[in-house]
Each structure stands twice: as structure tokens, then as C-alpha cells.
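Letters A, B, C, D, E, F, G, H, I, J, K and L name the chains as they come in the text, with residue numbers starting at 1 for each one.
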Amino acid sequence: MIKILVVHGPNLNMLGRREPGVYGVETLDQINVRIEAKATELEMEVRLFQSNIEGEIVGAVQSAVGWAQGIVINPGAYTHYSIAIRDAIAATGLPAVEVHLSNVHAREKFRRRSMTAPVVTGQIVGFGGDGYVLALDALKRIIERES
Amino acid sequence: MIKILVVHGPNLNMLGRREPGVYGVETLDQINVRIEAKATELEMEVRLFQSNIEGEIVGAVQSAVGWAQGIVINPGAYTHYSIAIRDAIAATGLPAVEVHLSNVHAREKFRRRSMTAPVVTGQIVGFGGDGYVLALDALKRIIERES
Amino acid sequence: MIKILVVHGPNLNMLGRREPGVYGVETLDQINVRIEAKATELEMEVRLFQSNIEGEIVGAVQSAVGWAQGIVINPGAYTHYSIAIRDAIAATGLPAVEVHLSNVHAREKFRRRSMTAPVVTGQIVGFGGDGYVLALDALKRIIERES
Amino acid sequence: MIKILVVHGPNLNMLGRREPGVYGVETLDQINVRIEAKATELEMEVRLFQSNIEGEIVGAVQSAVGWAQGIVINPGAYTHYSIAIRDAIAATGLPAVEVHLSNVHAREKFRRRSMTAPVVTGQIVGFGGDGYVLALDALKRIIERES
Amino acid sequence: MIKILVVHGPNLNMLGRREPGVYGVETLDQINVRIEAKATELEMEVRLFQSNIEGEIVGAVQSAVGWAQGIVINPGAYTHYSIAIRDAIAATGLPAVEVHLSNVHAREKFRRRSMTAPVVTGQIVGFGGDGYVLALDALKRIIERES
Amino acid sequence: MIKILVVHGPNLNMLGRREPGVYGVETLDQINVRIEAKATELEMEVRLFQSNIEGEIVGAVQSAVGWAQGIVINPGAYTHYSIAIRDAIAATGLPAVEVHLSNVHAREKFRRRSMTAPVVTGQIVGFGGDGYVLALDALKRIIERES
Amino acid sequence: MIKILVVHGPNLNMLGRREPGVYGVETLDQINVRIEAKATELEMEVRLFQSNIEGEIVGAVQSAVGWAQGIVINPGAYTHYSIAIRDAIAATGLPAVEVHLSNVHAREKFRRRSMTAPVVTGQIVGFGGDGYVLALDALKRIIERES
Amino acid sequence: MIKILVVHGPNLNMLGRREPGVYGVETLDQINVRIEAKATELEMEVRLFQSNIEGEIVGAVQSAVGWAQGIVINPGAYTHYSIAIRDAIAATGLPAVEVHLSNVHAREKFRRRSMTAPVVTGQIVGFGGDGYVLALDALKRIIERES
Amino acid sequence: MIKILVVHGPNLNMLGRREPGVYGVETLDQINVRIEAKATELEMEVRLFQSNIEGEIVGAVQSAVGWAQGIVINPGAYTHYSIAIRDAIAATGLPAVEVHLSNVHAREKFRRRSMTAPVVTGQIVGFGGDGYVLALDALKRIIERES
Amino acid sequence: MIKILVVHGPNLNMLGRREPGVYGVETLDQINVRIEAKATELEMEVRLFQSNIEGEIVGAVQSAVGWAQGIVINPGAYTHYSIAIRDAIAATGLPAVEVHLSNVHAREKFRRRSMTAPVVTGQIVGFGGDGYVLALDALKRIIERES
Amino acid sequence: MIKILVVHGPNLNMLGRREPGVYGVETLDQINVRIEAKATELEMEVRLFQSNIEGEIVGAVQSAVGWAQGIVINPGAYTHYSIAIRDAIAATGLPAVEVHLSNVHAREKFRRRSMTAPVVTGQIVGFGGDGYVLALDALKRIIERES
Amino acid sequence: MIKILVVHGPNLNMLGRREPGVYGVETLDQINVRIEAKATELEMEVRLFQSNIEGEIVGAVQSAVGWAQGIVINPGAYTHYSIAIRDAIAATGLPAVEVHLSNVHAREKFRRRSMTAPVVTGQIVGFGGDGYVLALDALKRIIERES
């Protein structure tokens, strides 16, 4: 059974309450339910993690080594400056999908820069909570093709 | 039945023959077969279009108005400088998904800039031909939610 | 009788339907009617041309040599990056007026750069379809003064 | 009767004497005569103002409130750095046309930046003294359409 | 009674001992005493928080929702790069005042950039510990005016 | 009795009439009444000055030498480019507070640069007319501490 | 017999008539005669192609695959921004020589940037029509050495 | 007898009192005495002018036309941004020498840019009041050589 | 006995397992053994600390005050953006040596910027685990010379 | 008989031994033999010069005046920053060809800037030792056409 | 007797022959005669030095220590990039005057940057050979005032 | 016996006399004595070289090929712009250590850029003369590990 680590970055615990015009009305719990349902459908196992602390996200990503076959990560605001998370993803050597709820390219200019994008396999951007579901689908195809 | 315009930009007609280390070994015809199969599965109708000429892509995008409910577009090299294609997409007022086969963020710096990204709904980047399949899936969810 | 080539660039065929908040509700046909009426009033002859394809606009501008005494051109999105159109205008050696319907200086930053502005005689920006009418007036004064 | 404030910025009092290769041989008085003739033709009333002092131009622009229905302004060198004049124009809430005698885009790079352009209705650039005449014409159309 | 969250960022626990030429000789405890005294005077209730950890500050700011009517925050070094704290402040939807002890504009160039400034109500910069006292005063006026 | 020079820059004479969404509905006269009331409360004497002319503001700031113990200055648009006013403030050697009515960091990018900020003691930004009141309070604390 | 594709970009059809001070008085037909004469001398076969349309140049370059052993290309204005032509050249995997008639380094700054230079074998710049003759010579040496 | 206009810009009336560590202890009156003495020695006539107002400096420079054979100007802070003064100097067509008391290249970065330098004959920088004396000497040589 | 704090930043706990081509095969434990051996040889006492969390590193550096005479720090990815760690180092007032295992100058451009370099005594870069040993040697010489 | 100075810049004496993957296996002596053979074929006389010292290259270029009719120069690393060599080439007033062995546009970004390119007649880049041979050919055509 | 080292940089040995439109018709020998005459008039002793080699200029400047009381230096092209000459001037601790024959501010952009300007006492720019004469005069005043 | 070339760049011959606040009071001879003592201790042989001339340093570095197993180089001011020295170091293929006496990161901004850093093995920065001693130690470890 394919095992996937799903990491939610800072302020994603505020989803639904935080600027719904930008991020939608779905809460993180609701998104997590959808992620788990999709995982079941795809016969994958997911481990869900959220933290506001950059270094804890680094640690969570490191912990994927030896357990997971792939990573889905929405680094939130850290996307744009965290070289530490970038280094952690690269260190795992695992396929990873970067997800963003909103279309970061249509917002402030600094949100167009992603420190993590060059070290992941691909990005899924702008589809709200659907992004995670699509990411699991994408990861499954990648992992099955590689194995 | 949801109708979708799928646009392939310059040099995508070379797929399979062109730098397979970067773009994979799948040909455009093979990808198109996969797109049509997925469309059938999702009960969508797709119209497929490829051109090397920026202005023809502008025209194809314009032609979506009144026929399609959504657009999947891989503007290829034009992604990085075509304000004309950007304007055409914005002019349609339709939901659109930008697809890139390779992870453009892990290549030359000029490939990180997308002129079209701010006017589409979302991007799917780095999953090879799977990107189109995921894009149809994403568009279906968007269109059904809006209607 | 003074002969003038009038060139409309990409997406201008969508006028009236395309983002009327930005570009107004007048269609290109309606503007062309106004251009011809003004030309008749000023005893000028106009040839009207529209294309979405950069290279066709290059060709149209080249064709002005030997026929027209002046050019009115709205290069649309190509304004901001087409060195090819710039070179074509310079190659004609004719007085030319660059027209923009919207105030490009009040929009996205990339619309403030004009590749063609340094090689035309002058610009008329921000007056919608009136811009073409004013441009014919301006060209007439320039051509009569020079001759 | 439509009332228009016409503002000439620094060094425009030197016209005809100052670098005629760049600015032409017409003096400011001669241009003002032409402006008044055009105003009479269009049944408009104009008030003419020239100053070398940025803050006096700010004051003149402010004074348009309650008297004029539109502004024609050539801020001269202040175009490129005067946020104060920009703020004054925006504060009036009136339609305004920015005029430049020479084609500023074909000169030094710093003359391509206009601080005032984003807050005016439109620009007319590169037609010498004709620019003011065209500006009155343009303003008349705008004001009549709005009223 | 108005409730205010006061957040002190990294290294502010070193105040008094850390470069007194730049930050003054007052300790954080002494400043907190002054804040509480001022709050009592203004009939406000304050909750005081300090952390060196960016993600903990994100969490503290989030916790203001539902308890506080306003935020006073000195993000310290994080001011200049923490998009995560910026997002947290924006997510609360509360009026916030950014305080800096030293005049950041008179120091290294990188201290002139504030990631948080665009999402707060106002800044008070350069007055040492007085800044917090002024901030409470400012917040009280804002909250009373809004209610 | 502490004497303070209060300087209002260009367009501030338009307050209340000028873009109230940005600058509020209070007029400069109303703000000046509040400044004088606060000064009376703090047992300070204020001299109020407004000009649209950069060089007159330079002169006013110079005149503070030998009369005032401190300066409150809102240089308005000149904030962003007037090295002359910067030099004048530095030449006085007096403590000075820079005030801005609106949050300049949340507006156009060019308003984030302050030429004067590095030579004043501190800034108070974004609190409308309250900013002047807070500035008097801040200056009083500074002057009393220094003396 | 070595086969070479020779591609002339936009506005090169205007040679001899277009700004002879910059580009010389030789027409494209005259240059083509010289190219064919040199090819005969070197026992090479050349196919000559000119277009103003970027996408047609892309197509012509693609067509070299399977027919030519090398490419001589003067992308004209497209040199400076066409990532599409760059990608097409790279996709062929053939040795290519970029030719410019004028010394692009001694002209406007934007002509110093070449998008195609990094993917060709070499450049020959500034020798007018001679550049093509030298390019054939250079290509012959490269192809013979490689084979 | 050679006639020279000498222009002192903003804050130079504060000399001697203003940051003597940077600008020296000599007052403007003392410098003017030295200028007049040198003029007498060189059999030149000087007219001395100081203003804090940019537009008045523009006017003073314009007034040199028809009276002076040369200009000595220290534009003070306006050096770094006044395109208006630059245009005025260029409009006179007279030889001009730009003087700075302090070595502007050894101070803040923004003082290294001179808007006026490209339109004067030469600069003399960093010699305090001696700069004016050297400038008169230089101008005399230039004017005598040209005549 | 000289006391030294040794701080390892984010992802250094992954050494040996993380991209050995870049960082070598030595684990952090092996490096720490070497550090302690060298300390013993130099008659120094070391305290070893590793964290992935920026704010914990800030805290660890602060804790050196009153205990250590010097700091050896490899801030890892935080090197390139952590103003908080920079401020903490500066606040201690202790001599500090910045160590990097790989030659950061030969990698991605963003790794060439060090926020901490301006506040440390010196850097040792590119020597793998040897860097720490050399750093202890360097610190000993500095501390003995100062005392 | 046409006389040509051929100048080889720094490190070219290392050819064949220095990074053959980049610069090829041919030594400078072998290239010089080829240059002399080609010169004999073209009935030209060449003087060959190599130096690692920028100022000696300046001197060699100066020495061409009065002896040579043209210059072939590969300034090596000095290409990218030597304004002194640029000035020397311009001072000779002779036609000059800049040669580079490798395709500098496909290497580090700083190698794309050439200080000398704007003052030479043309460049030949990327053809290894063949470049010199082509350069002699090009120079012969230029000199014969001019004479 | 005051002793002055006069240093002429690269290509100045070409004066009179090199681009007289830019640098004038006077040769270096003629300028040196004028320098010596002025020195005699001012009762100074000069040592004259010219080299095209940056490092020899470094050596010459170093040699001023212990012999000269001041330096006049025209670093020619090295002005714009020689940190080595800058460091040498600073190392002498002597007053130095930087001279340029032409107005470097009115030429190519790269000539506006001076690496040496921040470490000299002053600059004299744009007066041809007169610049050296003025520099001796300036140095004499500085040295006499200091002693 | 390991042989090492030690290269000192421009102005290092002035050590002890040159700005001792920045570079320390030790002379180059004293440092060289220390280097030789350390070499003896490590059983290495060193060849010491100093020059102010960039091209001579290039030559010295080239001469290491075939004699030395490693290079210690302090390129002094040339560090920041000498691509020629960079190319020479890379051409040797030897391990090299870049040494700087002062902490270049804490000085002028242009000293933060090193052209040579990407081609050396490592840097040792900020430890005065100790840097060379540490560099020998580092080189010995590298060479012994590689052999």
C-alpha cells in the first residue's frame, strides 16, 4: 500500500475562517476528510500534519524518509522564503507535489516566487481543496510508473 | 455535456522526438488519445488544437467563446512572453487550466515567469501527459460547482 | 489624396465583447465606421487591417511602403514586446501614430513598456475609439506640414 | 460652456528659444493663441497657466475644482518625478489630458516614466503644439459623453 | 473593556542587554510594566506574549480572534521576511499596530522593508518603549471610532 | 514651554475634499484645531505651516532653528523624493516626527520609500489626524527625556 | 552532400530598402545568390526560407530534422525574445549558426540579449551578407569534424 | 568683461550652521566674498543667486540667456532629481560648471546620481568653498578658448 | 578553560543521509565526535546544539551570553534569510565563526547571500566537517589574543 | 599586403591543457600555425601576440596604429570587464574582429557581457580555433571593400 | 616645497591621436609641460607617471608614501572598475584629486561609476588638460590648509 | 612532500602600513614567516609570491601546474572582478583555498562578491594572518584525503 505524507503549512489551520474570499469556506478538517476519502479510493495510506512552525515542518518532511513513498505539501507562506523546507524536501529524495489553494500568480508579486518548486516533482495551484485530491492522483501515477 | 477546448502551443508537435530527457517519450498523438479517453470517462467533449503560431493560438482561444465551458492550455514557450494569449484567455471569461509537461521551475530562470498564470484558474505543472488528464478532472469540478 | 494604413492588433476583433469595463462597448466594426467617416471628412483614404498574428502585422506595415503616406497602428498586446513590428515601422520611414484604447499607464506594470513608441511620431492613449479619429487628425497635420 | 484649465510646466516659457530641434520653433504665446482659437471653435472657455514652480502647479491644479470641467496639462520635466502634481490631479477628480510636445519615448530613458500618466484620462505625445489642440478635442468628447 | 494582544518578537527578551546604543537600556519587563500601566489608564486589558519562534508568533496572533479587539505587534527581525506572520495578522481581520523601538529607516537597508506593514492599520517607529504606549492610545481611538 | 513647528506638505490643504476614502473626511482646519487642543493639554506651543512648494517647506524647516525644540512634519508627496527637505531637517539638528495620514505601505510601491525617514527620530503612519496628536505626545516625551 | 537549412527572420525581406545605414544596401535576393554560390563552392546543398511569422520559423526549423545536417539562422528581431524558436533549434539537435548582419552589440540595449545564442553552436555578428558565407564555411568544418 | 551667473541651491543659506563636519564652517556670505574677489582678479563680473525653490532656480538659470557667458551652479539636493533644472541649463546653451562642496561620491548612494552632470561642461567636487574659485578659473579658460 | 557553543542549523541532523554528493558521507554524530576531540586537544569545552527551528537557534545563541567565550555556528539554510539569528549573534557581543560544509559560492545563487556573515568574526566555507575543527582553532587564537 | 595584428588574451597560453571540455584540445601553438597558414593563403601578414596582462594587451593594440590594417582579438576573460582594452581598440580606429573559442552565451551569465563588442566590427563566437581562420577571412573582405 | 605625484592611466599616452572629438587634440607631452609650468608657478615639485598596466599604477601610487604630500590621478578606464587602485589610494592616506579630461557623465552609462571617487578628496571632470592645472591649484590649497 | 603555492594579491605588500584598523599591524614579511613555520610543522613546502599586477598573478597560478599539489590565494582587490584569475585557478585543476584577512562581508557591498569563490575548494575569511595558517592545515587534509 502506497504511503503518503501530507503537510499543511502555517495559517492553514485557519481555513474557512481566514479570508474566505481568497481561500474558500472549506475548513482544514473538511479538506482532510476529503484527502482521506480519496486515499481510500486510491488504496493509499496518508499521514496528515499541520504546523505553523517552519522547523517543525522541516522535521515532519525529514520523517517521511523510510515511511512514505511520496509527499504532498502546501508550505503556505513558507513557500516563498523557506530554504530550510526546500532542503528538507530535497534531502528525502522522494517524489513530492506542491499544492496551493489560491492562484498565487494572481496575487501579490512576492507570492509568485516559490523556493520549493525547483525541488518538487510538480505543482497543483489554484483549485482550493481539490488540489490535494488531484495531488494524490498525480502521486499515485508517478509512484506506480517508477516502481 | 461539458465542452472543453484543449490548446497545445509551439513545438508540442515535436513531443517524443524533442529532448525526451526533458519532455518524456510520449508523442502528442498519444497524449491526445489519453485526453479523449479521460474526456469520455468524465462525459466531456474536447476539441484539440495545436499551433506553432502565437496569433493562431489567440484565434483558437477566442473561438472558445460560445462553444466551450472551459479551456485547457499549454502555451509552451509562449507562456513566458505572450501577452496576446493572456489577453485572449482573459477575454473569454472562461475557467482555464494552464498545463506544463516539465517542471518549469527547475529549468532556466526565464521559464519561471508565466504571463498567462495570473488570468487562468489554476496550473498543473510537472506531471508530463498526466497533467492534461488532471486538468480535465479539475475543470469538471470547477464547472459543476459553478453551475 | 492622403492615404493612411490603419492596423489593429491582436484581440481587437473581440472589442465590445472583451472586458467592456476596460475596453468599452464599441465593436471594431463600429470603430472602423467612425474611422472611415473621419477619413472622408478629412479627405483621406484609409485601408483597414486586423490580425492576431504578429508576423502578418509586420507584413501589413511593410506593405504601406509605396502606397500610404502615414500609419495609424494599435499593436495591442504586441506593443509591449514586438521588436519585429517596431523594426517594420522603422523600416517604412513613414510618420506613424500609436493608438491605445485604454490608459495603459493605469494598468499592469508590463503594459507601461512600449517597444514601438520610440519609432513612431506620437502616441494617443486612453480615449477609446476616439483615439483613431484624433490620430487621423494628427497625421493629416503632420503630412501637410512636411509636404 | 465647458471650462478647461490648461497648465504649462517648467521651461515651457522658453519654447521657440529652447533646443528647437527637440521642441520646435513655436513659442508658448503662439501655442496659446492656437489653444484659444481651438477653444473658441469648440465653444469652450480656457484658462492658461504657466509656472516653473512645482508647488504653484499643484496650486493651479487644485484651483480647477469648482471652476473647470477638465484639465489639459503638460507637466514638463515634473512629469517624471512629481508625485505632488500627480496627487493634485487625482484630488480634483476631473478628466485630464497629459500633453507632451516631443516624443518622450524616443529620448533619454528617464523621460519614459510618467508619474502623472496613471491618474489622467489619456496622453497625447509627440505632436508639438498640435497636441494641445487635439487634447481640447478629446476632452470635449469625454465631457459631453459623461454629461 | 477593550482587550488587546501585545506581541513581542525575537530577541526582544534581550532588551536592555542587547546593543543598548541601538535599542535603549530599558528591559522588556520594564516596558511591559509601562504597557500595563497605560492599559489600566485607558481602561484596556492586555495580554503580553514574547517568542523567538516565528510559528509561535503566528499561533499567538491567530489566538487573538474571538478574544481581542486589537493587536500591538513588534515582529522584530521577522518584520522583514515573515509572510507567515503577515498572513496571520490579515487572517484575524483586527486592527493592528506595528511598533519598532529603533528607527528602522536609519539602519541597514534590509530593515526598511516590512512584510507586515501593508496589512496593519498603522506603524509607530523609533520611539523606544514609548512606541507601545502610543500604540495603545492609537488603538483605543480606532476601536472606539469603529464601534 | 516647549515649542513645536508643525509642517503640512502639498495637497494637505485639500483634506476632506480629496479622496476621502484614502485620506478621511476631516479637513486640515479641523486637524489643526485638534493639534492646538492637544498642545494646550501638553503645555506646548505650536506654529502651524502648510505649503505646496517644496522650497518653502525647506525654508519653514530651517526657520525652526532657534525657535522650536522639535518638529512634526507630514511632507506629503515630497516624502518620497525631496532630498532638499531631508537635508533641511538634518540641518536643524532637532528631534522630528514624520507623520502620514494613510498607511503608505498599503498603497502604491513608490509611497513605501521615504527620503526623510532616515533623518527623523520616528514615524507615525496610518492613523489619520490622530497621528499629529500622537506625534506631539511622542515629541514631548523625547524632549523632556533629553533635557 | 551536406544539406543546410538557411532561415531568414522578420523584415529581412526588406533588406536593401530598410535603413541601409544599419543593414547595408544588399537585398535578400542578392545575399541568397551569394549563399548559393558559396554552397556550390563548398559542395553543400542549401534550402532557403524567409518568414515574418515566428511560428512559421518554428515550423521551418523543425522541418530540418531528417533532411539537413546543419542550420544557419538569422532570427532577426525574434532573436531577442523568441523562446519558441530557441526551443525549436534545441529540439532539432543539429549544429546551428546564428548570423546577424549588423553589430547588435553596438545598437539598442535590448538587441544585446539573444534567446537563441545559448542553444546554437556559434554566432557570426556584424559582417553584413558576408556573415552567411562565413557561416556555411564554419558549419562545413563542424559537420566534417563530427562525422 | 565676462559675465557669470553663480547659483546656490537649497540649504546652502544654512552653510556654516549646517552639519559643519560635512559642509565646513564657512558661511555662504564668506564664500560669496571669495567668489567676488576671484572674479575681480580674473576681471569677470558675477551675479549671485540663492534659492531653496527648484522653480526659482529654473527661472534664474533661464535669466542667464542674453546676459551671462557662463554659469556656475551648485544645485544642492536638487542635483540628484531635478530634471527641471537640467532642462533649464541645457536650454541656455551656455558653458556651465557644477560645483559640490562635499565629495558626494563618499556619502549616501543617492548622492552619486547627478541629473545635471550630463548637460554641464564639467564638475568640481569635494573642495568646499574653493570649488567656486576653481570653477571661475575653469570657465574663464573655456570662454576665452571658444571666443 | 575556554568555553565554546557549537550550533548546527536545520537539516544538519540528516548529514550522511542527505545528498552525500553535496554534503559528504560523514554523519553529524561523527562530526560532533571530531569537534569534541579537537576541543579536548585545544583544552576547550564545547556545548553542542542542533535544531531545525529558527527561533530555537536564536534562543541557543542568546544562551551563550554569560557562559561561552565564543560561538561556532552553521546556520544551514537560515544563513540566507534569518535576520533573527543575525540579531541574536550580534546581541551576544561574542566572537563567532560561521561554518559551511559545502562551498556555498559554487551552488545556487541564493546561497551566496549570508545574513549572518556581516556580524561574525570570520567564515570557514567548503571544507566539510574539517570546517568545525578549523573554526575551533581560529576561535582559540582570537580569544587568546583578545584576553 | 594586408597586415593584421592577432591578439590572444589571458590563459590562452594554457589552451589544450586548460579544461579541454570547454576550450578544445588544440594548443595555442597549433592555432597559431593555422592562423599563419590561412594568412599565407589569403596573402596577408600576421603578427601574433599573447599576454596575461591587461595593460600589455592595451599596449599591443595601440601598437597596431601605423602598422596594421586590421585586428583580430580574443580578449579572453578581459572581454567581460576591460574598458581599457575597449578604449584601446576604439583609439586605433581600425576594423577589428572579436573571437571567442567557446560559445560564451551558453556558459556563466557574466560571460554574456562583452565590453569590447560595441567597438569592434563583428564577433565570431563558438567555433574553437576555426574562429581565427574565419576572422581573417572576414577582415580581408572588410578591408578590401573599404579600400 | 610641496611634492605631488601625477599619475596618468591607460591609453592617455595616445592623447591627441585618440578620438580627438572626445579627448581633445593636446598630446600627453603637451599636458605634462603645462603641469610642470603650473607646478613651477605654485612652487611645487611634480613627478609624472603613465602606465597602461593597472598593477603598475598601484605600485606608483604606493610609492607616493614618504615622498609626496598629494596625488593627482587620472585612472582612465580603470576608474570604473579598479578596486586595486582604489585600495592603493586609500592606503597612502594622502589627499588625492581625481581628474577626467572628458565629461564622463555625458558618455556611456558605465563611465558614470567611479571606484576611486569615494576615496579621493575631490574630482575635477570635463575640462580637458586644464583639469590637471586646476587640480594642482586645489591640492595646494588643501595641503596648505591642513599643515 | 606536499608542495603549495601561496599567492598574495595587490596592496598586500603594504600590510602593516595600510589601514591597520582594517588589515591589522602584521606586515607581509611577518605573515610569510608564519606561513613557512606552519609549512615546516606540517611537512609541506611553500612557494611565496606577491604581485600588484593581475596578469602576473594569472601567470603565477598557471605555474603551479606540474609543481604544486594545492594553492592558497588571497587575490586582494582582484577577488571582486578578476575573471582572468578565476579562469587561471580553474585551469590548474588543483585544490585551492581563498583567504581574506578582513571580514569582507562586513565592509562595502562590492567586497561581498567574489569572482574566484566558485572555483576554489573553500574560503577562510576574517582571521587576519591566521587565515593562511588555517588554509595550509585545510589543504593538507584535503590533499591527504584525495591521495
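What to note about this one:
Everything that follows uses one rule, which is that contacts are C-beta pairs under 8 Å (C-beta built on N, C-alpha and C of every residue); 3 or more make two chains touch, one makes a residue touch a chain.
Not measured: the values here are computed from a predicted model.
The set of chains touching subunit H and also touching subunit L is given as K.
Looking across B-C, I-L or C-D, the pair that copies the C-G interface, with over half of its contact pairs the same by residue number, is B-C. The interface with the greater count of contacting C-beta pairs, when B-C is set against C-D, is C-D.
The rotation that brings the Cα trace of subunit F onto that of subunit L spans 120°, given to the nearest 5.
Averaged C-alpha coordinates give centres for subunit B and subunit H that are 62 Å from one another.
Here the CA centre of subunit C is 48 Å from the CA centre of subunit F. A straight line joining the Cα centres of subunit B and subunit F is 54 Å long.
Shared contact sites, meaning residues of subunit B that touch two or more other chains, fall at 53-56, 81. Here, these are the chain pairs in contact: A-B, A-E, A-I, B-C, B-G, C-D, C-G, D-F, D-H, E-F, E-I, F-H, G-J, H-K, I-L, J-K, J-L, K-L.
Partner subunit L is touched in their complex by these residues of subunit K: 53-56, 58-59, 62, 65, 81-84, 86-88, 90-91, 115.
Subunit L makes touch with subunit I in their complex at residues 103, 105-106, 112, 114, 117-127, 130-131, 134, 137-138, 141-142. Listed in rising order, the residues of subunit H touching subunit F in the complex are 9-11, 13-14, 17-19, 51-56, 76-78, 80-81, 110-111.
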